[in-house]
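In the two complexes below, chain A is the common chain; its partner is chain B in one and chain C in the other.
Up next is the complex of A and B:
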C-alpha cells in the first residue's frame, strides 16, 4: 500500500517537470497500461487468452467518441459510460466465447473482434468508416469545469482511471472471486468438482476485463481526438498481449510496465527503422525464452521477493 | 546523431557555449522547421513520395539562395502509411518533439481531416498541397489550415464544365472509399443532375483494392457511356490497367479527376484517350512553368508529376506568406497568408481569406501520344477561369 501511494505521488508530480512531448507519451503509455492491465485479468488470472481485446478498446473509443461529438456530456461521464457500456456488451460476448475453451476460446474472441472491425468499416454514420471520427472534443462539465481539457488535466484523469482500476482489480483478485479464477487457471475440472459454476465466473471476468479495456479506449478517443478502425484491428490485440507477457502476466502492475516499455521501444526503434516491429519481435522472443516472468518478475527478483 | 567525430561531446558543448553570439549567428540562424507526415508507404505511397520530393526540391532551392528570411529550412518527413490515426501521432511527434510549427503532407484527405482539429492546440499552420476533400475548406474548416492546391470539388467542376459541351448522356462513377472519393463523386453527381443528364450509380472500392474485375463488370453492364474515376496511387494504376484488359474503354469513355504521369507510366498505351481534370501537368503553358520543369529535369532527370508541381506551388504560397509576415509565428503568418497572391506555375493563385482556399484556374487534359515523347502525355484541351471552378466560400457545390 505504501509502495502504491509512493508511485501514485511520483506519477502525480511528473507533469510539473516534463516537457509537453513527454507528457503526451506518458499519457498514452498510461492508457495502454490500463488496456494491458484489463487483459491481464483474463490472461494472468483465469488463463483466458483473448486475441480480440482490441474489440473492447475500439468499442470504448467509438462509444466515447460518439458521446463527445454528438452530446454535451462532460468528458469523464462519457468515458465512464463508454467503459460501462463495453462491459455490458461483453456479457453477451463472454456468454458466446466461453462456450469454448483453450484455443477455440481465443479464436472466438478474434472472430468477434474481426466482426466488429468489419461492421465499423461499413457503419459510416457511427464510425465514419475508413475516415474515422475526427475532432473528438474534450467536453466541459457543468459550472464551467474544464480542468481535464488541458494536457496535465487529461493526464490526471487518465492516472485516476488507472489507479482506480488497479485498486479495484487488486481487491478483485485477492477476493474469493479471484481465488476461483486462479482455480480455473490451475485446474478447471477440479474447480467444477468443488461445486463452482466456472462458466459464470468466466463470463463475469470477460465482462469486467472488456469493461476496463473499453474504459482505456474511451480515454484514447479524446486523448488523440480521433478514432478509427485501427483501434479494432487484430494487430492491436496482438500488441496488447505482448505488453502483458513482456511486463509479466498475473501481476497487474507488470502489464502496465510492459505497455510503457512497448511504447518506449516503439518510439525509439521507429526513429531508426521503419521495420521496428521486427526488432521488437526479437526482444519479445528473448523475453519469452529468458524472462518468462516479465519485467515485473525481474524487478521483484532483484529485490528478493518472489513474483506473485 | 550516430556519426562519430574527433571531438568529444563535452568539448563540442564547451566550444559552442564559449563562442561569441555573433559567431553562432554567422553559422546560421535557427532553422525554419517544417513537419511533413505523409504516406510514403501503402496505396498512397507514390503520391506521398511525390509530395516529399516537391518539398525537398523547394528547400534545396531556397537554402542554396541563403534560406528564407536568412534562415535555413529543415524538413521532418515521417511516414504515416496513409492511416489517419498514425498521421495524428506523427504530426504530434514533429510538433512536440521536433518543434515544427509548420506542416506539409497528410497525403490522404482522411489524414488531414483527422489532423486539422489539433492545429489550434499546437499553434501550427498546415499548408495542404494535395488534400481534395471539400469539407476541409467547408464544414471542417479551421483557421490554421490553408489549401494551395486544386480541391476535389474544383477538379470535378472542371470535368463537369467540360462535359456540358460533350455528347455523353449516362454516367457512372467509381471512387476510393474514403473522404476524397465520396466527396468528389458527391459533387460530380450534383453537377450531372444540374446539367439534365442521367447519373446511373456510384460505387466505392476500399483503399488498397487490387482486383477491380467485379467493379468493371458492373460498369460495363450499367449502360453508361462515360465513367468518372476518383482514384490515385496504386488503386488508380490497378483500375486503369484492368480496365484495359477488360476493354472497358471501348464501350465507356473513361474520365478522371486527376490525370497523372505515374498512372500513364504504369499502364502505358492503355492510358491513351483518357480525359480528365489536371491539377498540374508539365505541359501547362507559361514561362514560370517552363523554368520549373527545366530546373526539375536538371535535378531529377525527368519531368515533374502532378503532386510534385502542386507541392511546389504550395511551397511558393507558404514562402510568400512567411516573407510577408517576417516570421512563422501562427498569429502573424495566418493574416499574411490570407492575402497572398502569387504567379505560380499554374498561373495566378489568390489565397482567399474566408475559407483559405487558393483560387486558381481549372484544367482539362487528354492523354495523347506526341512526337518527341517516349510515353503518352497529358495534353491541355480546356482551361476554365478561376471564378468558374472555385466554389463560393465554405461551399462544395456550385449554384449554376
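Up next is the complex of A and C:
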C-alpha cells in the first residue's frame, strides 16, 4: 500500500519535470497500461485468453469519439460512458464466447473482433469507414472546467483512470469473487463441483475486463484526436497480450510495466530499424519459453512473494 | 443468366474455395488431434507457401515445381520449429503453445516482408490451366476446376494415408493414447514432429494453390488463420471428416453470401460458428467441449 502511494505520488509529480514529448509518450503508456491491465483480469486470473481485446478498445474509442464529436458532452463523462457502454455490450459477447472453453473461447473473441473490424469498414456514418474519425475534440466541462484539454490535465485524467481501475481490480481479485476466478483458472470442474455457476463468473469478468479496455480506448480517441480501424485490428489484440505476458500475468501491475516496456522498445527499435516487430516477436517467444512469469513476476519472486 | 448455369458455376466456385480451406483446416485439425496444440502460425505457414511458390515459379518458370518445392520446404521448416521450440513446452498448459505460435506469426510476417517486400506478388498458373471452359454456356476458369480436383485427390490421399499406412496407424493411435503408443516402443516425439511437418506442409500446398487466385500478400496470414479456425471449430477440433465438412460449409456460405448479401457475408460465417457452438460446443464431429 505504501509502495502504491509512493508510485502514485511519483507519477503525479512527473509532469513538472518532463519535456512535452516525454509527457505525450508517458500518457500513451498509461493508456496502454490500462488496456493491458484490463486484459490481465481475464488472462491472469481466470485463464480466459482473449484474442480479440482490441474489439473492446476500438469500441470504446469509437464510442467516445462519437460522443465528443456529435454532442457537447464533457470529456470525463464521455470517457466513462463509453467504458460503461463497452462493458454492457460485452455481457452479450461474454454470453456467446463462454459457450466455448479453452482455445475455442480465444477464437470466438478473435472472431468477434474481426466482425467489428469488418463492420467498422462499412458503417460509414458512425465510424467514418477507412478514413476513421478525425479531429476528435477534448470537450470542456463539467462546470466549465477546460483543464482536460491541456497536456498535463489529460495526463492527470488518464492517471486517475488508471489508479481507479487498479484499486478496483485489486479489491476485485482479493474478494471472494476473485477466489472463484482463480478456482476457474486452476480447475474449473472442481469449482463447478463446489457449487459455483462458473459460467456466470466468466461472463461477469469478460464484461468487467472489456469495460475497462473500453475505458482505455475511450481515453485514446481524445488523446490521439482520431479513431480508426487499426484500433480494432487483430494485431493490436496480439500486442496487448504480449504486454500482459511479458509484464507478468496475474499481477495487475506487471501488464502496465509490460505496456511501458513495449512502448519504450518500439520507440528505441523503430529509430534503428523498420522491422521492430520482428525483435518484439523474438522477445515475446523467449519470454513464453524461459520467463513465463514475466518481468514483474520475476521481481516479486526475487523478494520472496508469489503472484496471485 | 439462367438460374441453372449460374447455380452450377457458383457451386463449382464454392467447391474450389472449399478445397483451399480444406488444405488449411485438415492440417490444423491433424496437428490438434495428435498434439493438443493449436497452431496459430498456420496462416503464416500458408503465406510462406505462397511466397516460396512465387519464388519457385519465378526461378524455374514451372508451377508444378512450386507445388512440390513449397510444401517440402514449409513442412521441413514446421518440423524444425517443432523440434527446436515447441518440444520445450510439452507439459506446459495449452496456452503457451498458442502464444509461442502467435509470436512465430509475427516473426514470419516480418521476415517475409524483409525478403519479399510489401508489394503483393502475382503468381501465374501454368498455361494449361489458365484457359476458360464453358459449362452450360457459362465461362468458367480451368484453374478453379483444377483446385476442385486437387482438393478431392488430397482428401482421398490423406484419408488413405491415415487408414492404410503404418505412420497413419501410429498417428491415429497417438491421438487416442500417446502414452500407450510410447510404452509399446514407438518414439512418440518423432510422430509429433512428423505430424507437425505434414500439417504445415499441407498449409504450404494451400498457399501455393491460392497464390494464382489471390496473389501472395502479407494480409494472407490473419485471414487464413481465422477462416481455418472457423472451419475447425465448426467441424470439431481433431476430426478429419469434420474439417472437410467445415470447409465445404464455410466455402458455400462465403461464395453465396458474398453474391446475395455482400455486406453480411462475414457475419453469416460467424453466425454459423456461433450456432454450432451453442448447439454442440465441441463442433459437429468433435468429441470434447
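Keep this in mind: the second predicted complex is superposed on the first by the 300 of 308 C-alpha atoms of A that agree within 3 Å, B and C clash if a C-alpha of one lies under 4 Å from a C-alpha of the other, contacts with A are read in each partner's own complex, and residues count from 1 in each chain.
Please note the rule applied: contacts are C-beta pairs under 8 Å (C-beta built on N, C-alpha and C of every residue); 3 or more make two chains touch, one makes a residue touch a chain.
If you're wondering where the values come from, they're calculated on a predicted model, not measured in any experiment.
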Given the superposition on chain A, are chain B and chain C in a clash or a fit?
fit
Between chain B (first) and chain C (second), which, if any, makes contact with A:277: first, second, both or neither?
second
Tell me the contact category for A:7 with respect to chain B and chain C: first, second, both or neither.
neither
Chain C versus chain B, contacts on chain A by residue:
C
Taking the superposition on A as described, I'd like to know which of chain B and chain C A:135 touches: first, second, both or neither.
first
Check the residue A:20 against both partner chains and state whether it touches chain B (first), chain C (second), both, or neither.
first
For A:230, is the partner it touches chain B (first), chain C (second), both, or none of the two (neither)?
first
Going by the contact rule set out at the top, does A:145 touch chain B (first), chain C (second), both, or neither?
neither
Name the contact category of A:194: first (chain B only), second (chain C only), both, or neither.
neither
If you take every C-alpha pair with one atom in chain B and one in chain C, what is the shortest distance in Å after superposing?
6
Touching chain B and also chain C: which chain A residues?
none
Show which residues of chain B lie in contact with chain A when the two form their complex.
41, 79, 83-86, 88-89, 92-93, 96-97, 109-110, 113-114, 116-118, 140, 177-179, 206-207
Could you pull out which chain A residues touch chain C in their complex?
47, 49, 96, 99-104, 106-108, 110-112, 114-115, 118, 122, 234-235, 238, 241-242, 245, 275, 277-278, 280-282, 284-285, 288-289, 292
Complex interface listing, chain A residues touching chain B
19-21, 24, 121, 129-132, 134-135, 224-228, 230-231, 274
Chain A partner, complex, touching residues on chain C are 38, 85, 88-89, 92-96, 98-100, 102-107, 109-111, 113-114, 222, 226, 229-230, 233, 237, 263, 266-267, 270, 273-274, 277-278, 281, 289
